[in-house]
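As structure tokens, here come the structures.
Both complexes below contain chain A, partnered by chain B and then by chain C.
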Partner chain A sequence: MLVTWKYRPRDTFIQSLDPRARLTFMACVILAITATDVWDARLLLPVFAISMVLYFMARIEWRDVRRAWIFILVFILFIIGLNALLGGRGGPLSVLQDDSSVLYALSIPIPLTPWRINLTVTVVRSFFALVQMMRMITMAALAIPIPYTIDPSIYGVTFRRMGASDKLSFTMDLAFRFVPTLGRDFMITMDAQRARGYELESVRGGLIQRLRRLAPLLVPVTMQAIVNGEEVIDAMDLRAFGARRRTWLRELHLRQRDYWFMALGVIILVIMMTARILGYGEFWVPGFWYRLVGT
Partner chain B sequence: MKSKSMWSFGTREVVYGAIGAALYGILSWASNFVPLPAAGNISFRPAIAVMVFFGSAFGPWVGLLTGLLGNTLGDALTGWGLYWNWSVGNGLIGLVAGLAVNLIKNYRSGRDIGIGVGYGILGNAVGLLFASLTEIFVGGIDLNTALVGYFTPAFLGNSVVTIILLPILLVAYAAVAARRGR
Partner chain C sequence: MSDQPVLQVINLSFRYHSRPDIAIEQISFDLQPGEMLLVAGASGCGKTTLARCINGLIPRSYHGDRSGSVLVKGREVSQMSLVEVAQQVGTLLQDPERQIVSSYVVGEIAFGLENLGLPREEIYRRMDEVFDRLNLNHLRERETFTLSGGEKQKVALAGVLVMRPAVLLLDEPLASLDPASAHEAIQIFRSLADEGTAIILIEHRVEDALQARPDRLLYMENGRMCYLGAVDTFPKELNYHAVKLPAPWVVQRVMQEKKPSLMTVLPQPANPQAEKLVSFKNVSFAYGDGPEVLHNINLDIRQGDLIAVLGPNGAGKSTLVKHAIGLLKPTRGEVLIKGVDSREQSVAQIARSIGYVFQSPTHMLFAPTVREEVAFGPENLKFDKQDIQRNVTESLSVVNLVGMEGYPPLGLSFGQQKRTTIAAVLAMRSEIMVLDEPTAGQDYANYTRFMDMLCRAQDGEGRSLLTANFKATLFITHDLDLAVTYANRILLISEGRLVADGSPESVLRDFTLLESCRVRPTSLLRMNLELLPKTGHFLPAEALAPYFSDAYSKSNHSISAGL
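Then we have the complex of A and B:
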């Protein structure tokens, strides 16, 4: 199996944007919904909608992204469920001062201890869980498309032009370039060890034994990479790496659409911050939710 | 090499940081189809041992880059996305593990290996705590949820992997380090 990138060139608006504009937009939205601590669904819903629209505009094939979405959704449900089970604290204070009617209550004694696990789902808490889910999915919808839509060969120059040092950016570039070679070495080593009778798939033995069995795979790949690294260091030193400012093969240019896109991110951030300063953005449960869940 | 400050950042750090990151990314990606032991929701990722090893053998910068860039690469290969807080958290694991670099003189000695493992576990605690606590702001979850849901399973799994695989990697590296003569 070859190591391949998820990236594929697509003729989409998203991929025509400069990666710096996209990362700036993402940073603004992350700040807007986390640092400001806005919990009002009326403010969060438009941001959620924007991030979903952008996600669909990236036109990533479902079969490519299915695994990631299933994993992330299951994990979100697990975390929200666990949060409810562990007392449902966190988030805004109004969720704690909750006197709405109870929809479901469960109390399980923990064997051999005097404690009990209490799960109480109220009208307010059920809506809070929904808002939590909305925030997490907003972030996931922005994060998931990145590897599918940004060319791995321009990560280095992207971070360089965003202010990272030459050396740091070049490390990133080099890491991306090493991936196919080291991936091939990894596969060759695995096949070679299997030919010698190495049983990777074997489920025999306890945990420690099974972890130790990974050593015949990890050790040769890692040590070979280090030995080859010496040659790369010599080659780079001989070419006076780090002596002067680097130039980059690919240059990035911000266009009008990139400025608009970054402006959208900044506007979202400013709106959220202003709302918070003016006292809006507290957790709010819509009236229809009380009627819908039957109280 | 040992006489140099552990904070110097030259060609060596660039190259080993890149190699560490690429290996960390590939091994994280390989975890998806190589059957790995798991207990409950604790998964044991061998990639962690490689990252801690790069920190303990080449210093804090290489550890930081291996974790920071390696996690970004791993997520790019598997297609999960880009999560800055987990990348920074992984970087912190490598950085703290790398603080042991000048304390490890002999890669075969039990004491020095113990120091490497100790710093590796400390690094895991620091890095995973950072990543788990930032999730509180993202999801509005409780501190307990962050600790039980994110921190504890990852910390336990990573510590077991570090304890078992790091000594093997350090002993194997002793031969390579002697041969390189640097």
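Then we have the complex of A and C:
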């Protein structure tokens, strides 16, 4: 099948937590390592370690997450890693205005223009790339387990309990309900068009051309979804959806461990904020790095 | 039954703002607690509009001019709040797939009660009741997407019943079910009525609906009431072309009217010596690492075959047919298409030999015009331009869509869309036609018209569209009467096995076998078997009339025996 949810019940600490606690913790950590502008690896490393420990505690099978990790690592390495390594972009001023030893320099002429691209890897930028990747992996390790470890049936109630409206929250549940239907419709349409000699492999060319070649798949699936949508709305109206404040049958209870977990997130955020206010957290290159990269 | 009607419909008329014609006109009836009213009629007769007036979707979601009144327990529906209507009128929509809004069974059944804002204890109490009432406890922890069609419908029904409606509105509840599941559903509806729920059963398959023993019948045509009354006798107002009636009723009417029967081409018997087109040799199949879903299938599709593939939902009918068109390749054994292993051919190559018409036209129609839609297949198969043009013109002429070439297929009526899909396959010049549930989604009048178009004699030699254009035809169906009337060979599939393969007259006489495969014998089959010594082969109900002797015809009782 095209769409399957990878969630399965596991007897782990992570899955015993209330999803609100996990989302709150994740929000705190993401804020702590992005919004506070802390670049000091000595502060970021413990957060990275906590995130990795939590990831491994979730005990998700590698074959389930392999594709997600490969995608994220490739993304981080090539886009963010190279960007940071070569230009120091996305980093603090000290990295942009860096005058440390040059490890490697390359100047590539742009054909037919008088300009050149100058790529200069310095000691500072090489360590900055490392820190930047560490920040990204910290966030990825918290986010990737979510679909594997939160029961799809409690997203709606989770958002409701976090203050979203009934309608918005139930939209989450509806999405989980109808994505597999959409996947199944897509497969049927794919089979129907293949039986008419259509081959997806032959979809080549520019964007417009590709879209035209994809129309035999996209139009029927979209039409089907619209037709279904109208009946679903009728079905919901007929059972009084949205008529008054609804009860959510599924109950969520914050237990002591959830409060501790949220507190950990808040502590991380407060430490980072305080560090910044007190003037700590600037980008820092350890001495050993100079020795390691040979300058 | 008490004397106080739970539902009163008084001189109800409605016209949609978006359409010029009036949808329903001067409808009046009432319904007592525990009474079951069967509402029958062809597509467009106003059944759905009537349902929307009763459940309050008109005037809330669909706007138009409404006159007359609909009173539930004495209160006008259009003046009740959504919450109030939802607790009085429960509606089961035609397709449970679209009615179910929750990923889990428990969530689905609780949905309405959650929307009413009831306390959790009350919701659980009512859910327990309905789980017990409909014997659904084994489905409690299931995901709704994984349920079978019959299970989905029971869950959808539970989600309605849990709100304790005084009136239950069932809108073509049998349409998406296989015969055995439909029979179970009918038993449930009957027992609900016996327990005091007033039921409106909207269904064009009157023969099946009669098994629920409705108290009265409302028959509609063009938005008007043609008949309202008892169903124990066959009302003369009923048009047997518009709704599916029991075969004895049809025979009785044909004999009274003394009209010649329709000239449907009787299928020639299958010839076991004819040219082999497709061969299944020891074919087994499993999806990935999953359990085997086809077990050791052996069969040959030969020239002249008109095969009906019968069996319950999930038996493996579609999986079997997908092997013939190369969409699936066997895990063990081989499928030979014109002598070549399907593994050595792409789906596009096989499409030159076998054309497949999927169940729902909306799954395949996409092009801006009918012409482009029909040309899509031949273009993919790299036919040259002149051939494409000729094929398209000829195919559209065969399915009677000349003049519609420039229309958008998605703007056509359902019947025209089905014909466009047939033309799309015709234009590919395939040798074998495969039809998946050719009658699904159509009412009786439309599907008999559609099947007549495919099977009625078209040329001087008495050949039909199918026999003139294809060497063999294979259709998957739940409709046993379709197999009785149009096939010359039956494949009976159960749990991934081919349990019977032979002529309709030989396979369909074994009722024990049929029932073990969840195929329910119909009145037409019973009547045909009874008359087989005289007829020699199976016939449509109308063609059976001449075989009844005068003495036989005078006795309604004898004819009704087939019911």
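Heads up, the rule we're going with is that the second predicted complex is superposed on the first by the 277 of 295 C-alpha atoms of A that agree within 3 Å, B and C clash if a C-alpha of one lies under 4 Å from a C-alpha of the other, contacts with A are read in each partner's own complex, and residues count from 1 in each chain.
Simple rule for what comes next: a residue touches a chain if its C-beta (ideal position, glycine included) is under 8 Å from a C-beta of that chain, and two chains touch if they have at least 3 such contacts.
As the structure is a computational prediction, the values presented were derived from the model and not from experiment.
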Original post:
Which holds for A:R196: it touches chain B only (first), chain C only (second), both, or neither?
Top reply: second
**OP:** State whether A:S153 touches chain B only (first), chain C only (second), both chains, or neither.
**Re:** second
**OP:** Check the residue A:I233 against both partner chains and state whether it touches chain B (first), chain C (second), both, or neither.
**Re:** both
Original post:
Counting only touches as set out at the top, which of chain B and chain C does A:T34 meet: first, second, both, neither?
Top reply: first
**OP:** Classify the contacts of A:F176 with the two partner chains as first (chain B alone), second (chain C alone), both, or neither.
**Re:** both
Subject >> Partner chain(s) touched by A:L249 [first = chain B, second = chain C, both, neither] >> reply: second
**OP:** Could you tell me if A:I144 is touching chain B, chain C, both of them or neither one (first, second, both, neither)?
**Re:** first
Subject >> First, second, both or neither for A:Y104, with chain B first and chain C second >> reply: neither
**OP:** Answer with first, second, both or neither: which of chain B and chain C does A:F56 touch in the superposed model?
**Re:** neither
Original post:
If you count the residues of chain A that each partner touches, which comes out higher, chain B or chain C?
Top reply: B
Subject >> Common interface residues of chain A - those touching chain B in one complex and chain C in the other >> reply: 152, 174, 176-177, 215, 218-219, 223, 227, 232-233, 236-237, 241-242
**OP:** Within their complex, state which residues of chain A touch chain B.
**Re:** 1, 3, 5-7, 26, 30, 34-35, 37, 39, 64-65, 67-68, 71-72, 76, 78-80, 82-83, 86-92, 128, 131-132, 135-136, 139-140, 143-148, 152, 167-168, 170-172, 174-179, 182-183, 186, 200-201, 203, 207-208, 210-212, 214-215, 218-219, 221-223, 225-227, 229-230, 232-233, 236-237, 241-242
**OP:** Could you pull out which chain C residues touch chain A in their complex?
**Re:** 55-57, 60-61, 81-83, 86-87, 90-91, 93, 95, 97-104, 106-107, 110-120, 123-124, 144-145, 159-160, 163, 322, 325, 327, 346-348, 351-352, 354-356, 358, 360, 362-367, 376-377, 380-381, 410, 424-425, 428
**OP:** Quick one: which bits of chain A touch chain C in the complex? Just the residue numbers, please.
**Re:** 152-153, 173-174, 176-177, 180-181, 185, 188-189, 191-199, 215-220, 223-224, 227-228, 231-251
Original post:
Considering the complex alone, what residue numbers of chain B touch chain A?
Top reply: 9-19, 21-23, 25-27, 29-30, 33-35, 37, 39, 41, 44, 46, 49-50, 53, 65, 69-70, 73, 75-84, 135-145, 148-150, 160-161, 164-165, 168-169, 172-173, 176, 180, 182
